[in-house]
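Across the two complexes that follow, chain A remains constant while its partner is chain B and subsequently chain C.
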Partner chain A sequence: MTDIRKPSSLLTSTISRRNALKGLGAAAAIGTAPGFVRYAQAQSSAPIKIGFQAHRTGIGAAYGRWYERTTAAAVKAINDAGGINGRPVEIITEDDGTDAARGAEVVEKFANQHRTDIVYGTLFSHVVVGSAPAAGELKIPYYVVSEGYHVASGKMNRYVLQPGITDVRAQCRSVAPWITSNVGKKITMIYPDYAFGHDHRDFFGPAAAEQGGEVVAQIPIPPTESSFTRYFPQIPADTDVIYHVMVGPAVLTFVKELGEFYGGSGPKLFGFIDSLEAVNINSPGLEFLEGSHFWEGMPRYLQEDATDAEKAYREAVGLDETGASVNDANDVSTAAHMFGCWETLHIIKDAMEAADYRGPEDRAKLIEATEAMTEFPEGPAHPQGAKVFNGKIHQVFGSQSISVVENGRLNVVHRTSIEDGMYEPEADYTTQPL
Partner chain B sequence: MFGLAGPALFPAEALAHAADRGHVLLLPTGYYLLGGAAAVALTFLALAFMPPSLLEGLARVRLAIGSVPTRLRMVTSAATFLLLIGLVTAGILGSRDPLSNPLPLVFWTVFWIGLTLLQGVVGNLWWWINPLYAPWRALTGLTGHREGFVPMPDRLGYWPAVALFFGFAWFELVYLAPDDPARLATVVTIYFSANLVAALAFGYEEWTRRGECLSVFLGMIARLAIVEGSKVESGRRRIALCLPGAKLVSAEPLPPSGTLFLLLALSTVSFDGLMRTFLWLGLFGVNPLEFPGRSAVTGISSFGLLATFVVLGAAFHAAVALGERLAGASESISSAAGALVWSIIPISMAYHFSHYLTSFVINGQYALAALSDPLMSGADLFGTAGMHVQAGMLMGAERAWLVWNLQAAAIVGGHLLAVLVAHAVAFRLYGSADAATRSQVPLAVLMVLYTVFGLWLLSSPTAA
Partner chain C sequence: MSAVGSNTRVWALHLGVIALLLAANFVLPEYHRGVFSRVLVLATFAMGYNLLFGYTGLLSLGHAMFFAAGLYGAGLPVYHLGWSVPLSFGTGILAGGTLALVIGVLALRTTGVAFMIVTMMFAQVFYLTTLYFTTWTRGEEGLVLSQAMRTIDPAGLDISLSNPSTRYLIALTLFSAVLLLMLRLVRSPFGRTLVAIRENEERMRMLGYDVFRAKLTAVVLSGLFCASAGAAYGLLFGYVGSGFASIQYSILPLLWVLLGGAATTLGPLVGTLFMFYIIDYTSGFTTAYLLLVGVALILLILFFPKGLLGTVRERWLKWLP
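After this line comes the complex of A and B, so read on.
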């Protein structure tokens, strides 16, 4: 494995994606690596085959690139440490085109053609929703990294799990206590007028009310809108804080126009970094964000109190201090989400080892072993922090970061507790037959 | 089906990307639209005061630089043919990831984007490297039918090329997985074999001139180039330099099917831009912030691909017809259109450049890596297998500014050249400067509109 570190060179990389993901070649190469002794002791050294349902083309491609990079780093870490049950991990990547129908096709290909042990790695909700029935019918475990509430809602099936990233409902709930006690109680919500925005409206509003806050106005913005000034007069004058979750190419315009509308004063701002994931926070037009707060799934900028595990994770993935690629300072990562790939792969490893997983005939055992998991301690496998897993709803809960934009950096000012994001489960997958 | 039902039934996170186009939305692109339109309109006005003989003279300038033996063609074509076999093999046996497998990267990025642009600058390289040539030569060596078994009927015109190109564009823009290595390998194999059979039946030169759509397109695009190759004379082709677009002025007028072919080519790349815009998706009630994927818009995109062609074709022919009337000419509309349609080649190139620039820069890097390790076996043939793809090359506000300016310059430049070419062609058609100018007013208006449309496509919010 070539691991030359010369960030300035075009031809080198901290982790070479082709080496980490090359599949059988990697498994063969491992035979000569130091970890070989451990593999040799395993009963079978055939690789564990993980089907990576990747957004390589289509609307999700920008995120897919970083999901792939994190996946490559995690697989390398797992293989360097002896693989799963002494067997090397092989990743087989199929592009789903960020398309629901293609997603289902890809799951079928993994199950019937590539005969992978599991399917993993999907980000976009509509692809998860489109692929889940195929995973259920083919009885192939499907580990998603999508942050949607669809898994916890009970609308998927027993073969769909989300153990590596929290869902949007928990995220909204967990920031509510901090906002109401630190930023303000009178909240105006500005959100895009479709499912994503509605999730925030429906999940954050009640959570804020529980904390004594009040949503004084809800301003839905049509998804195709690209100019926003005419909506701002709807913001009540007594608003303490504007909760904004705009997404898409017009986000920069939104922030710029909001800044022009208030001219340096106005209510405080609280946003979700989803709006600006992979976008440099110092981009022109974003000046108005200085001093405002953001939810972050995991801090983009290296924090002073970063744990050793977090530092090791960042190094393995190849992130610089600002959360951009060490090879390419313009290439800002999707830091708030992609850690979920790292953690999910480590959970798959633990669950497979707990189930003594031998092959596809043990898939049901693997589901049960995953469902039986309850706690993930902070550490190299879980650099984002400790988590609690609810096997009934197949969903993990964890802490969130709240960061302030200061001198063009995102600095974490608060870490929510795991309990802040907990809610009453609405489903129980374990009652479904395997 | 899930794609349509999903977002309505389930909560969804939205990760529509804010970057790149977001930075462009903050730029004063409105001024570029105005400026571009003004530049094209003023150029047209300036032409009215310029002696047409000047343009004619410029178009005739040639600088001979030597000659090349054509026997090399067999070697270059055989090399490309072997490369194609290698790529198709990799498509079947290599990685399933379209960004790690060399077939989709070489086909869509190196060939379709890269070679097209190169043809437009340095001339008909494709004539030398067309992988169809060597196997055809080898097979005709066996059959002895160098001219084919039957002459390609004249009434077929360019229709085979029109039909094939529509299929090609549909596969590229509408089909669910054009990048899937195995499917692309199948499609390429079928396309190649069928065209080889057609070349054997009708003769290679005739079929690649009017039938096989990629050769037809690349051959036409090459007329924009600053290099001109002569016809083959005693085993050599003489090579000369000329001004960009000069070869278009003297091109033979196209029959109606040829005119439609060129209009189709421009309309498909225009639709490639249009189909991603918020405006287009909004028209059909598709939420661009949670774009459901191609499977949910197959019908809409198929319709759009055809509709863009119909609208552009109708607008072009209407402009030519109106011009005929203004010039008081007796030429038939279709023969005037067949001469004037050459003027849209620079626009086609400009669209090709500006729409595929970013994809070329990023996927070109993936292609370099994939070619070095074509089967994902750990090989490193060219030392580039482990290279890090610099996606950041085009990210951030500064790069977005640079990309936008390059795109805008190409669009405006392409239309300016188109106006010049159209004027020179019109002078040949109508014989007097006055008639040429009058005949060109409607086409100039269309070109101003298309400039604005082109710049708008590149500056309006898009879903992907």
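After this line comes the complex of A and C, so read on.
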């Protein structure tokens, strides 16, 4: 079939005043029609799309599972309270495989395919560091919940922010005074021999020295190691406390062998709960941890002095009083870190509202609005506690919990102050162009 | 078909593929252009692997070290010494070539399974070395090469490698150069020698060929190609991390080559592209995407036992190089 059309009259004739008035009238009629009103409202109430970079697979999957649950709970709370600027929040999740290269690809996918407003995630520092260049190049805000020092170090770029969880440098500084005052001054550090462990080595040692402590030995463990007993003779006999930060699947072996090496005696232990996140503290082989101390970003077990905000947060996320899922007592949470998802999403909400965020064209305003934030009071949006945000280094500072293992549960014995973890900033992202 | 006609057809096909990829820069949606940029660099890595595995018959499980040697050889001078991009790219290739020469001299004393194990062990040593020197490499966390570090300034033009189009065109230039070199190489007497060694090493030795020398040359060329891909990856995408030296990045080029067709010049591109998109697509709706990838690979092996282009060549287009 051949369809021969006449040339458009718009191209072949001039527009008369009568036609122009008719056109204007028609346009006005369309503009006031119910359908158009609905369309206009849809534009202003379209969801704010947040790309969630999640560790669904790979070594970070346990963290990813709980980060997803916390994210879902936070988004529900935000949406139930009216969303952001009256718009609902929609989470679009992509698996980064806990892989740096895939992380960067996922950021590109969010920006260029899903067209999300911002990107948010994720824990493992290599994924964040690998993804940061893509976020900076695409000029898409990238809010991370990673606790690494990489953001505060100034080595990322202006589009990478960490406003919901403290960094490892602050954590080391926070716990050092308590360790040297309450556990012992002669400290042996056992840590994985890669960047995460090196951060502890580099930041805890000086912080302990400031408090009169002394690191008497540093024992790095190669990442491929699966048995640890041969390293234990390197621990000096005069060690008061062993500071350990092992992570990964070998942690249980490490803890078990350490217990067997010392029996019931030996130095006291101070560890970072990173080692045992998502692991039941009552697992076989961990019995000798009884009486040892741990850093926790937020308490796993419900404490007697828990605030109303903390209780509400735990209920929203679905935690029982032992820090496991209310649906499965064996499904232990990553409580010490995942609160950062809840708090980061609330900060995103506040920053978007402060920036009067409308769409991707306002991303630069969103960065500036976040940088302008200074304090986050304790409350429903910040159940872990009050915090101070440094916009120059895009990093938040807060309190930490130190807990002791007693009768198979973690009880908080000390909460550090925000000031305990603060340090002199070494960078200023605000000088970088947007 | 005469030899001249076949020759013309082969070159026309390869130049046509390059022309299509060039056109893709202007028509692909933004996300897919970014994907293709990465795939072109990784396909270059796969082509380097293919020279050794597909054409020479040496199955290495350690090629991540050559890719990573290029990555670190280029990335560390840029990051720590402030070297220019072209100079660092050169040091990256040089690092890979030198490493390949040393590894080749040692590993080629073995054959078959022993060669696989020795190359894997060397790669593991390289990987652990990147972790051991965390002070400079930041180990598994890695280093960010900022946008300012990744600019070229020929005659004051100030070209940023983080520009998507520039990045694509540079990736395509690298891919095209290695592709045409590979084509020239595998159709040359030296390329025929490598294939003959793959088919019957003893016979080649008996005929008087210096088999060790030919294999060592193949290892070094393979290392150079892989290192060029690694150097380009770091400089174009701004990240240098030890994950690229892990065993995963020794297995991946093997899979890409097997998928696309071992000993085919275009197979590595097809395999890398196929693998990327199947992961990208399936990971969007299930965490068990590797299971789906596995099923897809099994189906592919059943119906395309010599890889996609290998089977196409066997059944239909016998002139495919």
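Everything that follows uses one rule, which is that the second predicted complex is superposed on the first by the 391 of 434 C-alpha atoms of A that agree within 3 Å, B and C clash if a C-alpha of one lies under 4 Å from a C-alpha of the other, contacts with A are read in each partner's own complex, and residues count from 1 in each chain.
Convention: a contact is a pair of C-beta atoms (placed from the backbone, for glycine too) under 8 Å apart; a residue touches a chain by one contact, two chains touch by 3 or more.
As the structure is a prediction and not an experimental result, all values here were calculated from the model.
Participant: After the chain A overlay, clash or fit between chain B and chain C?
Facilitator: clash
Participant: Touching A:Asp95 in the superposition: chain B (first), chain C (second), both, neither?
Facilitator: both
Participant: According to the contact criterion defined above, which of chain B and chain C contacts more residues of chain A?
Facilitator: In the superposed model, B touches more residues of chain A.
Participant: Is A:Glu108 touching the first partner chain B, the second partner chain C, both, or neither of them?
Facilitator: The second partner, chain C, only.
Participant: I'd like to know which partner A:Asn330 touches here: chain B for first, chain C for second, both or neither.
Facilitator: first
Participant: Under the stated touch criterion, which partner chain does A:Ile59 make contact with: chain B (first), chain C (second), both, or neither?
Facilitator: A:Ile59 sits against chain B, while chain C stays out of touch.
Participant: Please work out whether A:Thr224 is in contact with chain B alone, chain C alone, both, or neither, and reply first, second, both or neither.
Facilitator: After superposition on chain A, A:Thr224 lies in contact with both partners, chain B and chain C.
Participant: Using the touch definition from the top, say if A:Gly148 reaches chain B (first), chain C (second), both or neither.
Facilitator: Touch partners of A:Gly148: chain B and chain C.
Participant: Contacts for A:Phe196 in the overlay, against chain B (first) and chain C (second): which applies, first, second, both or neither?
Facilitator: Both chain B and chain C are touched by A:Phe196.
Participant: Once the structures are superposed on A, label A:Arg363 by its partner contacts, choosing first (chain B), second (chain C), both or neither.
Facilitator: neither
Participant: Who does A:Gly136 touch here: chain B (first), chain C (second), both, or neither?
Facilitator: Only chain C; A:Gly136 stays clear of chain B.
Participant: What stretch of chain B clashes with chain C when the complexes are fitted on chain A: 170-178, 188-196 or 224-232?
Facilitator: In the superposed model, chain B runs into chain C at 170-178.
Participant: Mind sorting out which residues of chain A both chain B and chain C touch, each in its own complex?
Facilitator: 56-57, 94-95, 97, 99-101, 104, 125-126, 129-130, 133, 148, 150, 155, 194-196, 198, 223-224
Participant: Flag every residue of chain B that touches chain A in the complex, lowest number first.
Facilitator: Per the touch definition, chain B meets chain A at residues 1-3, 6-23, 25-26, 95-100, 176-177, 179-180, 278-279, 281-282, 287-296, 369, 373, 376-378, 383-388, 390-393, 395-397, 399, 460-464.
Participant: In the complex formed with chain C, which residues of chain A make contact?
Facilitator: These residues of chain A touch chain C: 56-57, 94-95, 97, 99-101, 104-105, 108-109, 112-113, 125-126, 129-130, 132-134, 136-137, 148, 150, 155-157, 193-196, 198, 222-224.
Participant: In the complex formed with chain A, which residues of chain C make contact?
Facilitator: Interface residues on the chain C side: 29-31, 34-35, 38, 124, 128, 131-132, 134-135, 138-147, 162, 237-239, 241-244, 280, 283-284, 287, 289-290.
Participant: Spell out the residues on chain A that touch chain B in their complex, using ranges where they run on.
Facilitator: Against chain B, chain A makes touches at 2, 10-13, 16-19, 21-26, 28-29, 54, 56-63, 65, 92-95, 97-102, 104, 114, 123-127, 129-130, 133, 146-150, 153, 155, 168-169, 192, 194-199, 223-224, 226, 247-253, 256, 274-280, 283-285, 324-325, 327-332, 337.
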